[in-house]
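Multiple structures are listed underneath, in structure tokens.
What follows is chain A paired twice: with chain B in the first complex and chain C in the second.
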Partner chain A sequence: MSSETAAGARDAAPPRPRWQVLLIRPESMTFVLLVLGIFAGSLLSPFFLDISYILRSFTLYAEFAIVALVLTMVIIAGEIDLSPAANMALAACLFAWAQASGVPMPLAIGIGLAAGLVMGAINGFFVIALQLPSIIVTIGTLTLYRGLAQVIAGDKSIRVPEWFIGIDKQMVLGVPLPVLLFVLLAIALGIVLSSTVFGRQIYQIGTNEVAARHAGIRSARIKLLLFLFIGVVAAIAGMMTASRLGSVRYDLGLGGELQMVLMAMLGGTYIFGGRGTILGTFLAAWLLVIVSTGMIVANVLPAVQLVVLGGLLIVSIVATNFIYSRTQR
Partner chain B sequence: MTLLASLLRRREAGIAVMIVLFCLAVGAVKPQFLSLDQLRIILLLTPLIMIAAMGQMMVIVARHVDLSIGSTLGFSAMVSGLLYRFVEGEPWWVGVPLSVAVGAVLGLVNGLLVQLFRLPAIIVTLGTLSLYRGLTFIISNAKQIDRQWIPSELKGLSQTSPILGIPWIIFIAFGVALLTHYFLNHTRIGRQVYAVGSNPVAAPLRGIDVTQVTLLVFTISGALAGLAGILYASRWGFVNPSNTGSGFEFQVIAAVVIGGVSINGGVGTVLGTVLGVLLLGCVAAALPLLGIPGTSQAAIYGAVILVALLIDRTVRRQGIAQLRRTG
Partner chain C sequence: MLAKSMLLGLAAGFALVTSAIAADPVKIVYIGKNTGNPYFDSITGGFEDACKALGCEFEFVAPATAEATSQIPFIEAQIQRGVNVIGIAPNSPDALNQVLDDARAKGILVLTVNGDLVGNESHRDATILPVDFTKTGPNQVELMGSMIDYKGEIAILSATTEAPDQNTWIAAMNDTLKNDAKYKDMKLVATVYGDDQPEKSTTEMEALLSNYPDLVGVIAPTTVGVAAAAQVVQSRGIADKVHVTGLGLPSEMRDFVKDGTVKAFQLWSPYNEGWLAAHFALGVLDGSIKNEVGNTFEVPNLGTITINDKNAMNTQAELTTFDASNIDDFNF
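Our next item is the complex of A and B:
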């Protein structure tokens, strides 16, 4: 800023031009990376630009992506949940174990959903009623849920009935069902988060919980709802994974917490809460699929993919942090 | 209430009581649990966790957390393993400083990311957790370091004993604990770790270099994970890129949290952590004896973390209430 404008700037800084506002939003960074990723991928392989190929690849990540959408809301509210991947495994194990021991399918699905709800409630109880930090609590429950899944399933895999297999092969309007579910959930949550009172309250809690409470926002109730919601969605994702794989093992979705957090962070969700959008996570999920399948197409070792994903997580939080520290909304 | 009161005064006493009660309860069902032989088994279960727990404890006291230690352990062990495999005729002990140094570098990277970019340690180390694991695969070409490559003197550390039939690694672990105790209680920078953890905002006002302290605790945590790595090779005789150290962080965090180290920073003692490690060791040793399958171990660790969190919170609440009454 030049010196003659600095004198007048005492009252208020001039509003930034609209293009600048757009450019410094973290979602724009995600979008640019996505375009670059598609471009790089298409150089690697001619199959890459095939939309049905990308859609099919997306089914591999759709379960995590669906949970990541809800996780975005949890992080915006100033909390975090590292347990949904373990939650997916336990819910799927309970469901598969129930139906394998003769429980009718609808009831088995109900058991899986109820398990997700209970796990969300346990997280919520520790975080909200006991006021413990969610990161440590969910490290504990992550170990617990994964461990319980191992208790139930042992080291064996539990088969699910033939007709239950293949949700990822179900096509609706030419789009695999999990992808469609992801898109629909993204639209619904995007509207809730950006255009409803409830959604705005989530941002307020994340920005300043004490102030939000003084403003009459029931933060405890909203946070509990979010934990319950992510619990149920994780359970659904777990059963979707069971349907895609055809059998359930305790290590279902292992390491998924990294991918979920990565999708949220890469989409510009601020780790300290209060900022972020569903659109960002939506774009980041696609970016992650492009990067992962790009690496598979390029015959990159799975180990290198681990390195890339871990590195990507760190780069994305550094970048998001940088952007937010430079721009006060 | 008397039990709670004593917990309040000395948290360590409470953990010791818990260990005794647990052992007596298991001993009531299976008398052979209360034997010297069993003590040896328990002690042999603990040294790796104890060494890494010392570093993790410092990190948690400074109000951070290090999720990457399992991968750090695996990576440092792998570097030394590759050295043993591909370099002929180097002395066996070279792996020890090498692992420690490699671990220290990885820890320093965590510290730099956390401190320079002001990022939450949990997310940074979740990233480096997979980063380091991937690097372990890359440097090892996804191949295991087998038994024959590990020098027998190194393996001897966990088999031969200087005194009383207790293997070297147990002495090493307790040595590390003593050094940590000295460092935290009798050095200037050790006390500063507590100061930073109990109030990171006030610490710089008192002339404490928070950056220095943060980098130091992460480096130490990495270095100790590196030491645990080479001792892993000694104890188990192999290094595997995928499972060496995976899930280790949860055991260590469980031990530290049971040991009364507050997750809100600023509070925790070496003695408490040692007792936490021993309690975890007792639990691990009791499971097979009670006929509980090994597959339930992870669930029990998870439950133990949650119970420890509950106790931590209760103690903290009571402590605050007591402060209000007296002051």
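Our next item is the complex of A and C:
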């Protein structure tokens, strides 16, 4: 990326050969793991290598994957948001509760979206106005949002109308709609992050916020925008989950925040900000789906599945750190 | 090279799929609530023995946690594997509706075993339950009452808040306590959830004891919960003050019954559920059993089974009560 060439120029080192630059990017490692995963999956089970099954399986993770794309931008900007999964549940509960008590559907969807925006604004307020660490703030709000969802929905599930069910069964050119939405969002955010001024500013804030502010970048405004954006996207993801399951409960998306962080980390996003790409998260989401479904369809024990996923994460963190320390410092 | 081996893998996959359609034995899979839950070993034993006797293939799978949606990828995977029969102990009464519909659309026979989709029965073909579950709640209340002379504060330690059967039984317990004059001096003070995890169940049990010092009884209608509750009572040495009962496995509760921590508890034979489910599934697939309400069929060791309302079948009529006098007769 641009920062890399700038660093190279500063050190006055000879430019690396192009193949080397490509090979030692974290996304390349994600891509290699992805190919290995597909290969291992097809060895494990003869039922694995079926594109329609893999696409169908992706719909089970698509909601988290969509939020993970936005989370990648938040992490690159030097912050983190652990509340989106709880946000999904609360937004979905409010939406389902509203439509079940007779509010017309468009308005109920509006309520869900507005709730997501408010939740993002609350996170943004604590982090930006009160200058609190986002990891602490969002651990707090993740508990708060989940709790509120349980207050609203209780221990019962709320059904959504028959016609609203089944977004994952909507096919566009043979691709389930949630997967298509994920791909389109990845392309859009990838372009924004890699080739707009706004995207470059996000990297600069994450690399050195003080310097970025001195350079005239309105970091507070950009961060607030990111928190609002992830809030709304999480709310949309929550309603997509409601459509897939046909019912809403307070524990919808439970544990999803870890899956989202996992996707960003697997894709080579640097947890301390400043580095990472949408392409990496895009590939990592597929990697996670490939590895998970490959093991499930081979009836691998869940304990072994956890060990493999944990191992993958460790490998990717070590590799990402290694690659960044070799190429940047 | 890689592309070539992937193509080979693909071809091998297709070959296997087509041969599976041609002649393979019936493939049955049972999806439990979660792993590490010994209750399912017994059901699995029944399935395995029946498949050995009848010539079908059987496998047990389960997610790591008993969340509402954690079984969905497992069901998807079994559809993809092309199994003929999916038996499942559902973790949610309605979150599985869509994916179970998908399975049935592919021609898979879907049976809920040991738990049902209460209120969403149209999304499975039949259910196999050990006893008529409407009697479970009242039976448990009566057993508790007989231990505490029908008076005092009691509490319930359940599985997950979502567990459909437990919730049905708890509702029935509440009804029985409220409407039957015999139990007017028994007061239900709390219902807590241990999520079928030993640690959480233990914590919840300890919290009950601190929050309600006058508690005289705890009903835990789940095998994980009742063992955890008994363990807490045993280690605190308060068995003469707090009575524990519920639904438990004889193998796990034997020591507690022998040392007097637990006077009596109830259950049925989970083994027979697997046994019945496999016999029923094969009968439906080969056409010898019609899955229609009112039909009857014979199952070795169990006798005549009737398909009741909502395509439900029971392996036995009443709950079995286990106490010091009979616990050694049961080894599951």
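Here is the rule we use: the second predicted complex is superposed on the first by the 303 of 329 C-alpha atoms of A that agree within 3 Å, B and C clash if a C-alpha of one lies under 4 Å from a C-alpha of the other, contacts with A are read in each partner's own complex, and residues count from 1 in each chain.
Simple rule for what comes next: contacts are C-beta pairs under 8 Å (C-beta built on N, C-alpha and C of every residue); 3 or more make two chains touch, one makes a residue touch a chain.
All values reported here derive from a predicted model rather than from experimental measurement.
Once the two complexes are laid over each other on the shared chain, residue contacts for A:Val318 go to chain B alone; chain C is not touched. Contacts of A:Leu287 after superposition: neither chain B nor chain C is touched. In the superposition on chain A, contact of A:Leu301 is made with both chain B and chain C. Of the two partner chains, both chain B and chain C are touched by A:Asp155.
Within the superposed three-chain model, A:Leu132 lies in touch with chain B and out of touch with chain C [touch as defined at top]. Applying the stated contact rule after C-alpha superposition, one finds that A:Ile278 touches neither chain B nor chain C.
Legend: residue contacts after superposition of the two complexes on their common chain; A:Ile38 is shown touching chain C, with no touch to chain B.
Measured by the number of chain A residues touched, the leading partner among chain B and chain C is B. In the superposed model, A:Leu224 makes contact with neither chain B nor chain C.
The contact surfaces that chain B and chain C form on chain A in the two complexes overlap at residues 155, 255, 301-303, 305-306. If you check the complex, the residues on chain A that touch chain C are 35, 38-39, 42-43, 45-50, 53, 56-57, 60, 155, 157, 159, 165-166, 244-247, 249, 251-252, 254-255, 292-293, 296-297, 299, 301-303, 305-306. Residues 2, 5-6, 9-10, 12-13, 15-17, 35, 59, 61-64, 67-69, 72-74, 76-77, 80-82, 92-95, 97-98, 161-162 of chain C are the ones touching chain A in the complex. Chain B makes touch with chain A in their complex at residues 65, 67, 113, 117-120, 122-124, 126-138, 142, 241, 250, 253-254, 257, 263-264, 293, 295-303, 305-306, 309-310, 313. Touching chain B in their complex are the following residues of chain A: 80, 82, 126, 130-133, 135-137, 139-148, 150-151, 154-155, 250, 255, 257-258, 261, 265, 271-272, 301-311, 313-314, 317-318, 321-322.
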